[in-house]
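Next up, some structures in structure tokens.
First chain A sits with chain B, and in the next complex the same chain sits with chain C.
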Partner chain A sequence: MADYFAGIDIGSTMTKVVILGDEIIATVIGPTGVEQRRLANKVMEEALSRAGIPFEDITYIVSTGYGRINVPFADKQVTEISCHAKGVSRLVPAARTVIDIGGQDSKAIRIDANGRTKDFVMNDKCAAGSGRFVEIIADCLGVPLQEMGTVSLKSKNPASISSICTIWAQQEVTAGQAKGRPIPDLVAGVHRSLADRVVRMARRIPLEKEIVLTGGGAKNAGLVAAVSHMLQTALLVPEEPLITGALGAASLGRNMVEKAIKKGISLETKKRVLDVVQIL
Partner chain B sequence: MNGKNSVISSRVEALYRDYGKRAKELKDEGKTLIGYVCSFVPVEMISAAGCIPFRIRGDINEPVTKGDTVLETIVCPFIRSCFDLALKGKYDFLSGIVIPHGCDSMTRSYSTWSYSLDLPYAYFLNIPSVVKPASFEFFAEEIKTYKKTLEAFIGHEITEADISQAIKLHNAYRNKIRTIYDFRKSDPPMVSGVEISKILTVGTSLPVEEANALLDEIIEELKTRSEPPLKTGKRILVDGACVDHAGLVKLIEESGASVVAETTCNGMRDTFPLTDEQEDPFTGLARRYLDKINCPKTYRENRAGSFEGNIADRFGDIGRYAEHFHADGAILYVYKYCDPFGFEVPARKAYYNAIDLPLLWIEDLYSSGTMGQIKTRIQAFLEMIEQ
Partner chain C sequence: MINDFIDVYKNRHDYAKDWKKKNPDSKVVGYMCSYFPEELFYAAGMLPVRILGSHEPQNVTEPYIFGMYCPFSRDVLAQGLQGHYDYLDAVSTAYPCMHLGQAFDSWTLHVTQKKFYVDMPNRVQTPYAVPFLTGRLEETKQEIEEWIGREITDSDLKEAINVYNENRALLREIYEMRKADDVPLTGTECMYITTASLFMDKKDANKLLKETIENELKGRKAKTADDTRLMVLGSENDDIKFLNMVEEFSAVIVTDDHCTGSRYFWNPVEEQDDPIQAIAQRYIDRPLCPQRDYPERKRLPYLLDMARDWNVAGIIALQQKFCDPHELDKVALLDWFKENDIPTIYLELDVTVPIGQFKIRVEALLERLREDELW
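Presenting the complex of A and B:
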């Protein structure tokens, strides 16, 4: 029987699960919502059913992301920094820099050939450096979020959005609209503004190639283009950029178990049950 | 010994939680307490005057409200918190304050302190920001002026013998702190960073003789301690301005590491340098405060002639402390709007890089509300140096 490892990444917006055998067996992505604990159970259940394995066959479970403490069945918690580093390295062995643009924060991580973190920077105090910025502007312009990227790519003359605050940028966009600026120009301007903030933060660590973009932001072609334009280099985007954290968590879980076996010690694990969680 | 008879978990804890508890009693007994901020106030002179120096601290759990009606938010959050507490009456037992030219936030808020609190004694201490031969001469004279204002306030002379005696007592305090630091050298340390943070904070809220007696008891307790308070973990040096609360250190130690040194304003930067007891007291004090306290507010000329030599010259003490206490990594903790540290972050980062000590730089507000946000960064940093 193969060994299975699970990684669960509870981000501010999305919850992701990866079940790992020798290869990825199953992945599930669902919205986090307010009831993190209940949802953790639900996505785990879904992942197990897709993988077609019983819960007790999972050797080790690592949780990560900002809701990592809200996973009652996780054997270990690891920060999203270490998990993204590991997950990206597994998918793109040549990666030396990870830029992750999430729902409520963004981060840049310098990694080595083994997927170990060498340095990192994080922006977690302001929405203007995160996916939330695009969401708010999409809402304000009445453009569906998933179309923001393609809309922005239609622009030939991106608007300049100079505010460094989400709320004020929103006002700038509204003012631009009143002046009759085409929506693609405004959307492209917003993407440049977000890319500018992310790149400025990321440049605090030496950016070495290959640079891999992950998180919800990597699903937005307009944002990928803007970041790439600012860095004057091509970026790599994994096929599913949302799962790198969960994949890294599962993969680190495997490393921990292998290390423990080598040392002849056994790791403590939680009971493999998905209890009904009472939300207080 | 961590039980009921522990000085650290009972007396130190009580004095830390109710900061100023003992000062209130002393005030009721008729003693005169003089408050100060920063490491640059020669507290020896206050003791020599027969008064009690009391280090004003902030409170990360108390939102700044009243203080913001008179101080703008460009003033650093630490000084604003200290001022806010003073304005709310937390330090009503003080009869005076001394604020040094320690940073822009202190200098430019001094007048607000003095008229808002309206205490019988208030002094702005003009400590030079440059270390040159003339600076020592100037500062020795300034200390004499400071002495005269204290004499006018207490109504009698402060003799050289009084000052020499106070220098001895404060040096003894610093030596005892060093002895306590020695218990950190083992792995795991026999005293936790949280305990030391509280001891350092409490120590500057008491008359120096009482503080010395308390430290003696703490040293005795540590000598008989059989179990280390923390498990073996990565050893962290905390670098930065005044960290007079245990919040940050607690977060680091709860994440599995031990804080083994702190080059902070209320840590080793202040407690390790001694005043030369052989010298004339004014020269001795001028040298200790001006030159031996290695604060970024003091400009030191580039004697080395190169950037590498300059950072080694300016920050060499950090590297020596890191080596002495076997640090595996450092956390540079800087408050937003802190002018001395804020300006110096790139040079400090370059220094840590040069001595190959992994560094996490955190810019924070002086508030418990942000502790959760920085937790992930601390944990990620520890994972990084553990792998």
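Presenting the complex of A and C:
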């Protein structure tokens, strides 16, 4: 029987699960919502169903993301820094820098050829450099979130938008609308502003090629183009940029088990039961 | 014992008020910078107490200090404006950074009028620093004498020096004990001890330190060799919550470079014929605050030696948000530790600590240090 490993990444906005055999055999992506502990059970059930394997067959489960402590069936919790590093390295072995633009934070990680973290930076105490920024502006302009990227690419004259604070940027967008600025220019300005914030943070670590962009931000073509333009280099984006954390979690789980076997020790695991967690 | 220090840390004002009741003819003087020469005031029979913030959000300082000054300087001033230090007979400082300087000026305008300002030179590396400070301390001594109406004798000064040197030696002994593989006390406990010492009559502190070392720390194992050894460094830091959070992850903080930690007590006053000059020499020679670490950058090799001597695996550099001296220091410091292969993270402190956001950074550092477990 093959060994299976699961990684579950509970981000501030999306929850992701990857089940890994020799290759990825199932992935599930769903919104995190307010009841993340209940959702952890549901998305794992869904992933098992897609993989067509019973829960008992999962050898080791690693949780990550800001909700990682809310996964009662996880055998180990690992930060998203280590998990993104490992996950990206598995998908893009040549990667040396990961820029992750998530729902409420963004980070840049320098990695080695084995996917080990060599250095990292995260945004400081403010979500202005994160996906939430685009969500708020999309709401404000009435543009569907998934269309923000393509709308921004239509702009020939991007507006200049402050990158200091989401709320101020929102006011600038509203003022721009009042003056009749075309929506694509405002959206492009917002993407430049977000990219500027992310790039300034990322430059605090030495940026080495290949640079891989992940997280929800990597699904936004306008943002990818803006970050790429500012860094003056092409960026690589995995086919599904949301799953690198969960994939890294599953891969690190495999590493840990293999190491334990070599050492002749066994790792503690949780009971393979998807209990509903009572939220107090 | 350690609990007694925790009590003083938490009830620092009650401690000072009790001291005043027991010593009705003596004065309590608050000070704002660790370059303040406490020995002079102790020799005059006073209790010097460090003024620290409360880590509680406040809304009283806005009219009295710039909003872009560091959260610590604003928190310190808030303590005065809120009346928490109403038992002080005088407020004082040695020439500090610009931010604490404004907290001091504002305090003397709006809270405590009686003040002592010790003109501690900024350029401590010049040969003029010791004679300059010796002269300034002579003047401060005269000011104190006029205030209390009696002379401070050489014998008073020598006794004060002895008490303070004993305190420094005892605190240093505790730091030496932290070099052990099985550390006898956590970094959090040590922070309680060193910070409480800032508020205490050093004779009381010394008695308690001796008891704690003899009866509590010897043979104790608070952490083991499996815990990851870390050093914290940076600007003022008495953030117990932060240290506690770090040590929950199988880590132990074994040493520090903070003005409320090791920098406060590291070197003793070396004996000289002139006790005032001996005191001046001690403050010029002490481990440097980044504001005074010029033109030669002495902190870099000093901190690397400390990291190696205490066998730390990683470093957490913390600074008060907007702290100019540390903001400048950090650039060279982070490069220096990178060149010397000591993984370091850098965090900015505010009045309250964003525990959730700091947790992931600290855990990621620890995962990097324990990479053999994961990779």
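In this section, the second predicted complex is superposed on the first by the 278 of 280 C-alpha atoms of A that agree within 3 Å, B and C clash if a C-alpha of one lies under 4 Å from a C-alpha of the other, contacts with A are read in each partner's own complex, and residues count from 1 in each chain.
Quick note on the criterion: contacts are C-beta pairs under 8 Å (C-beta built on N, C-alpha and C of every residue); 3 or more make two chains touch, one makes a residue touch a chain.
All values reported here derive from a predicted model rather than from experimental measurement.
*Asks:* Report clash or fit for the pair chain B and chain C bound to chain A in the combined superposed model.
*Replies:* These partners clash in the superposed model.
*Asks:* Tell me which touches more residues of chain A here: chain C or chain B.
*Replies:* Higher number of touched chain A residues: C.
*Asks:* Quick check on the superposed pair: does A:15 touch chain B, chain C, both, or neither? Answer first, second, both or neither.
*Replies:* Touch status of A:15: no partner.
*Asks:* For A:193, select first, second, both or neither according to whether it touches chain B, chain C, the two together, or no partner.
*Replies:* A:193 contacts neither chain B nor chain C.
*Asks:* If we overlay the two complexes on their shared chain A, which of chain B and chain C does A:81 touch? Say first, second, both or neither.
*Replies:* both
*Asks:* If you stack the two complexes on chain A, which partner ends up touching A:256: first (chain B), second (chain C), both, or neither?
*Replies:* second
*Asks:* Just to be sure I read the superposition right, which of the two partners does A:97 touch: chain B = first, chain C = second, or both, or neither?
*Replies:* After superposing on A, A:97 lies clear of both chain B and chain C.
*Asks:* Show me the chain A residues, by the header's touch rule, that chain B contacts in one structure and chain C contacts in the other.
*Replies:* 66, 78-82, 116-120, 122, 124-125
*Asks:* If we count contacts the way the header does, which residues on chain A are in touch with chain B in the complex?
*Replies:* 66, 78-82, 116-120, 122, 124-125
*Asks:* Touching residues of chain B toward chain A in the complex: what are they?
*Replies:* Result: residues 370, 373, 376-377, 379-380, 383-384, 387 of chain B touch chain A.
*Asks:* Would you tell me which residues of chain C are touching chain A in their complex?
*Replies:* 338, 348, 350, 354, 356-357, 360-361, 363-364, 367-368, 371-375
*Asks:* Under the touch definition given earlier, write down the residues of chain A that touch chain C in their complex.
*Replies:* Chain A reaches chain C through residues 66, 78-82, 86, 114-120, 122, 124-125, 252, 255-256, 259.
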